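The two complexes that follow have chain A in common; it is paired with chain B in the first and with chain C in the second.
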Partner chain A sequence: MEFTRVNRTTAPEAVAPATETVPPSRRGRRPFTVRRLAPYGYLSPTALLIIVLMVIPIVMVASYSFKDNAIVEENPVFTGLANYTKVLTDSTFLVALKNTFIFISLSTVAHLILGLVFAMLLNTPLLSGVTKAIFRIVYILPWLFTIAVIAVIWRLLLDPAGVVNYILTVVGLAQHGVNWLSSPNTALWALTFINIWCGYPFFMISILAGLQGIPNDLYEAASVDGANAFQRFRNVTIPQLAPVLISMAVLDLIWTSQQFALIWMTTGGGPLNVTEMLSTYTYKQAFSDYEFSTASASAVIVLLLTMILAFFYVRRLQRER
Partner chain B sequence: MAAGDARMRSRPKRLLALVAAAAMVGVAGVACSSSGNSSSTSGPVTLEFAQWWGAELPTGSFEKMMSDFTAQNPNIKVKLLSAPYASTKQQLVSGAASRTLPDVVGLDGAWVSDFAKQGAITNLSALMSSAKYDSSQLASQVQIKGKTYMIPVVNFVYPLFVNKDLLAKAGVTTVPSTRTEFLDAAKKVSALGGSVKGWALPLDTAVPNGVQNDVMSWLWASGGQMLTKDGKPNLTSPPVKSTVEYVKSLNDAGVIAPGSLTMKEQDKVEKFTNGQVGMVIDSLAHINLIKKNNPQLNFTVAALPAEDGYTDKRGMPYASWGIGISESTKHKAEAFKLVEYMMSQQTNAQLSTLANGFPGNKTAEPDFSKSDPLFKTAFDIYKQGYPANEFVGLPKSEELMRSFDEQLQLALTGKQSVDDSLNKAQQSWSSVL
Partner chain C sequence: MRTRRKQRIGAKIGVIAGLVVGALFAGLPVLWMLSTSFKANGEVFQTPPRLITKGFSFNAYQHILSDASQLRFFLNSYIVALSVTALTLLVAILASYGFSRFNFPLKRSINAVIVSVQAVPPITLVIPYFGLVVALHLYNTYPGLILTHMVFTLPYAIIMTTAYFNTLPRELDESVKVDGAGGWTALWRILVPISVPGLIAVGVYTFMISWNEYLFALTLTRTDDMRTVPIGIQLLMGQHSYEWNQMMAMSILGSIPVLVLFLIFQRRFIGGLTAGAVKA
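== the complex of A and B ==
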């Protein structure tokens, strides 16, 4: 051991004189500025991609949000915060903000609970490996479908003359077919349900990985201390999973707030704006109304809201390190 | 602290170095891209033609037409950018915004005003003059301030589709021709029970063209108009009010298939195909789709019912495959040659036959001998009436449809009176038109 330690400590000293012996002529071939620029040269492809794909678009969108009729007019004029005032006083935007809050909050909470429940079921020692593998495949299926397929499937299932209404009518829970996606009373809840259905498997898989990483010793020690199943769950499982759960929850809030395709392909923001979200509102402003300036202002607001969530996520990651 | 200070001092230098390196790569990239973009107008020209038609025509048929065009014009090749309608629209909206539209573009009449305002599509009147093109052969042109920006290549009309078996089962012996007859027939069909209803009304706000095809069509069928002669909204006029009240009466009578507030056009077609609704107003282009999906369906097409006592010509809604040319293209003359080719008597007739539509060239005669007999029936109805679509050429037409749609939904759900809905829609439209 002593021999190894000596070698390790002496190694840099042995190398250092070697660097001193580089002939001056060789140094002359690599000028100082080139040596300083080389690392940045290596970084430049990535930097260029980030600049072209992220910085420039974000700066452009932000600049549009301060102009009147950007894109549509060849020479738009600077209007200050007028577009932001217009967006923030638009009743539809406020409805979209409220709907988005409900949608992402419910989705994230349900994703967490369902993901945790299914992950614990799949982690049970009571089932054989084959049975668990089959259930894993079944449970993860919703996550494998693309959003377009999910939208079509649930539009058919929730159709007033669809399977869900048929079953509810047969078992006597409903007398007439319910307009799940087209009634102002049910559309937001139905849409949130679909989003929960298609999103929980990702939570389930991540939490399952977290569960499998909890040392068995902790459970054994808790059992020796007389802890029952609920106490072991509360005092061992949850604290051990906490980093995974918090990171997943923050990420899910960000992802769900950006959900567009599912809403567009099921309800399109209707009926009567009850499923209008910030994403659909922004899209309509840009691609239907051709109001690119207000769309940009709305997009910047969404970006700022998302950045708040991202800030907590990054801070969480830093704390974990 | 000393080490920290050194780091602080070296930071600006590092930042400078980073910016310099990025700038070098950036300059190199710009240099590469600018050399790549440079093009010469001499020699063979390749035109990009973005449209959704290729996706809706029999496989390979549109490509063959382009090959024939190149055979006639060896110096001009056509690169087709075919995608479904919605994707094409998004690409063109983005392209118009960034001034990077393909040379030739397929257009919907609803987009023309906005694209023209943005300066994304070129004035075809000027190109027609310089090419000495005889525009009298064109059935119609979409103009903004007297200048043509789109030429309809093929027109698709929206007649009334009627499920003959369902009507017969309900005891309706003749296809309804008036609003009263239609309501009566729809009630009888709905009385059959199950999930069968008399009519389907797609009011999805994501793509709100149900307002144009399924609501305003009732107005146009009775000779009404939603705009004044000088193009201002006239939504509070008696004909529009009568139309909305009629649609509401259908809703109140329970003859409309449930789920209409978020129903999409494809849902409407599906419900008709499955025999779940007795009557729909639909595009003639869907005949083949319906027959393919349900060969047993016994249906016909008819003129849209008009107000009781109306005897004049009936307007029939239509949609077009329009063609336009990008303002930014360097090959306008070549692009117009392609337009001329598409509008020529022979090609236009051929395309109309393939698309099961009606030609944009007045002298072209589509060949219905191999088509379904219903196309001939529809063509006869079309000739007896006139194509009507006041949304063509309007600015922000989709937004106009959506704002009307939202107000109509409030009226249908009883949250607002028809008068209030029309007043609010009028206010909303007035700010645009």
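== the complex of A and C ==
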């Protein structure tokens, strides 16, 4: 930054990258207060929206969570932590917590592995650019469909009479059609599989960009040192990708924990709560049972859990800068 | 020499085999959806399954496209997604200019707030939104949906646009200011026109998020004439739960806008997306 500033005053025609500092010579052209207030002016619409759509709602949901019969009654009574005790001792909530944990950790690990494998295949120097471009479009496809469509596709494929069961019986892996999404033994795994299928492309795209950013010299240097393909992968690719992989993993944990539409449209949290997640639990409390107070307590717990993850993500981003 | 060439060919076959397996994993479910949309409903679960059946026809599409209540879902989705895109771009351009070209106290904190907004769970927000939207008489209206969708689209748009503005040299906007114009003119006359490629990526992503949004559309609208495409697909699932061919046709029609946008702007889109996600 220091370098570009010096460079700019000595050779103003040289195009320097945008930096956060203003050259001293430009300062004071406009009244000092205008310059100081200008950025707040540009940010005011954003600030207003964030206050209306984020700050006020969070205050509202927090206050609902300490009251009885929020939203439903005009003047709900303050009840302290009663709603939190109710939620935290509800066995369904605890099951939802466990299911969410299984669902998000399996999804994230699988997204990471699939994303890495596919990105490395697509990054191969052995095939032409056109071939790779076609494969890349096919690989991104699952990510381009809205969750409602994903749900419909997999309900068709996983139907007891559907094509997945047909193949499994022909191969001999199953005797008769399995009702993947309605059987308590399989529903959570089937749901996790669908989520893996529709979520890996985002990882793949980011990892691919990361792979293309690794300087070739590193691989060449490793080859000169006699490293084989696996050693190059372990000692060059993985360390170089680590920042991207970690950021993506944290983001994915956050996003997957927020998954609602897919669960709602495939299993609805059933059968027997085996696919109940924090999101569906909260939704049902609010919009099926109209228990807005307990729903709010659950929503605040979900927010706190997410904030722990988000804290690590934001800190990582700011450290990288 | 010969063993090296053999190794190379072996590696190539391995890579192609891997790519094909992956492509089947990703593509077959989509192909099956497409194929089902052309079947007669009685043929959907026939054994052995076939990609193209005797009853191949466009009937399912005709049925959806001649049904006014189905078309209404599309109209609603377009109105909401296009409004969200326009408003998001406008607000994000202003904010990104502030972030990219000014230094001010609180900059880091405000930026951290915007990044963390992305992490706030929609399920936490939907309860107070329900209360707010009803209180503001926006329940079951377009503005209610447009406003609430922006909570998802804005943070990402600001991060991506700021990253794009940061790649443009400051001399560009300073050159107009020499002529006595202010930052406002520099932004709209110089910065925005040059940034069109980056803004397209932001716009496409914003449109996708809004077009695909489900939870708010489900809770903040009530009547069928206000529902968007994702809810429309779900309603089709409930009404005639066994009209699989129509459900698939509706799904494909509902996916076309996003697919087309993605194919046209693929390169820019992926570039902009990774710039925003990884480097932020």
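Assume the second predicted complex is superposed on the first by the 278 of 321 C-alpha atoms of A that agree within 3 Å, B and C clash if a C-alpha of one lies under 4 Å from a C-alpha of the other, contacts with A are read in each partner's own complex, and residues count from 1 in each chain.
Methods note: contacts are C-beta pairs under 8 Å (C-beta built on N, C-alpha and C of every residue); 3 or more make two chains touch, one makes a residue touch a chain.
What you see is a predicted model; the values in this text were computed from it and never measured.
Novice: Should the superposition on chain A be reported as showing a clash between chain B and chain C, or a fit?
Specialist: clash
Novice: Give one of first, second, both or neither to describe whether A:I153 is in contact with chain B, with chain C, with both, or with none.
Specialist: second
Novice: Let me test your reading of the model: by the given contact rule, A:T294 touches which partner, first (chain B), second (chain C), both or neither?
Specialist: Touch partners of A:T294: none, neither chain B nor chain C.
Novice: For A:G270, decide between first (touching chain B), second (touching chain C), both and neither.
Specialist: first
Novice: Return first, second, both or neither, reflecting whether A:S247 touches chain B, chain C, both chains, or no partner chain.
Specialist: Second partner only.
Novice: So which one touches more of the residues on chain A, chain B or chain C?
Specialist: Looking at chain A, the partner in contact with more of its residues is C.
Novice: Regarding the shared-chain residue A:N83, is it in contact with chain B (first), chain C (second), both, or neither?
Specialist: neither
Novice: Taking the superposition on A as described, I'd like to know which of chain B and chain C A:A261 touches: first, second, both or neither.
Specialist: second
Novice: Look at A:R36 in the shared chain and tell me whether it touches chain B only, chain C only, both, or neither; answer first, second, both or neither.
Specialist: both
Novice: Please indicate which partner A:P142 is in contact with in the superposed arrangement: first for chain B, second for chain C, both, or neither.
Specialist: Once the two structures are laid over each other on A, A:P142 reaches chain C alone.
Novice: Looking at the overlay, does A:V302 come into contact with chain B only (first), chain C only (second), both, or neither?
Specialist: Only chain C; A:V302 stays clear of chain B.
Novice: Any idea which of 91-99, 217-225, 253-261 or 271-279 of chain C is the one running into chain B?
Specialist: It is 217-225; the other listed stretches have no clashes.
Novice: Overlap of the chain B and chain C footprints on chain A, residue-wise?
Specialist: Correct list for chain A: 36, 40-41, 43, 45, 47, 71, 155, 159, 161, 264-265, 286-287, 292.
Novice: So in the complex, the part of chain A that touches chain B is made up of which residues?
Specialist: Spelled out, the residues of chain A in touch with chain B are 36-37, 40-41, 43-45, 47-48, 51, 71-72, 74, 155, 159-161, 177, 179, 181-184, 187, 264-273, 280, 284, 286-290, 292.
Novice: Under the definition above, what is the set of chain C residues touching chain A in their complex?
Specialist: For chain C paired with chain A, touching residues are 8, 11-12, 15-16, 18-19, 22-23, 25-27, 29-30, 32-33, 36, 44-45, 47-49, 90-92, 94-95, 97-104, 107-108, 110, 112-117, 119-132, 147-148, 150-151, 154, 158, 165-171, 174, 177, 182-183, 211-212, 214-215, 218-219, 229-231, 233-234, 237, 244, 247-248, 251, 254-255, 258-259, 262-263, 266, 270, 273-274, 277-280.
Novice: Under the stated contact criterion, what part of chain A meets chain C in this complex?
Specialist: 12, 15-22, 26, 29-30, 36, 38-43, 45-47, 49-50, 52-54, 56-58, 60-61, 64, 71, 117-118, 121-122, 124, 126-127, 135, 137-142, 144-149, 151-157, 159, 161-163, 166, 197, 201-202, 205-206, 209-210, 244, 247-248, 251, 254, 257-258, 260-261, 264-265, 278-279, 282-283, 286-287, 292, 295-296, 299-300, 302-303, 306-307, 309-310, 313-314, 317-318, 320
Novice: Which residues of chain B touch chain A once you look at their complex with the stated criterion?
Specialist: 13, 17-18, 20-22, 24-26, 29, 89-90, 93, 97, 114, 117-119, 195, 203-207, 257-263, 267, 276, 396, 398-399, 402, 406, 409-410, 413, 415
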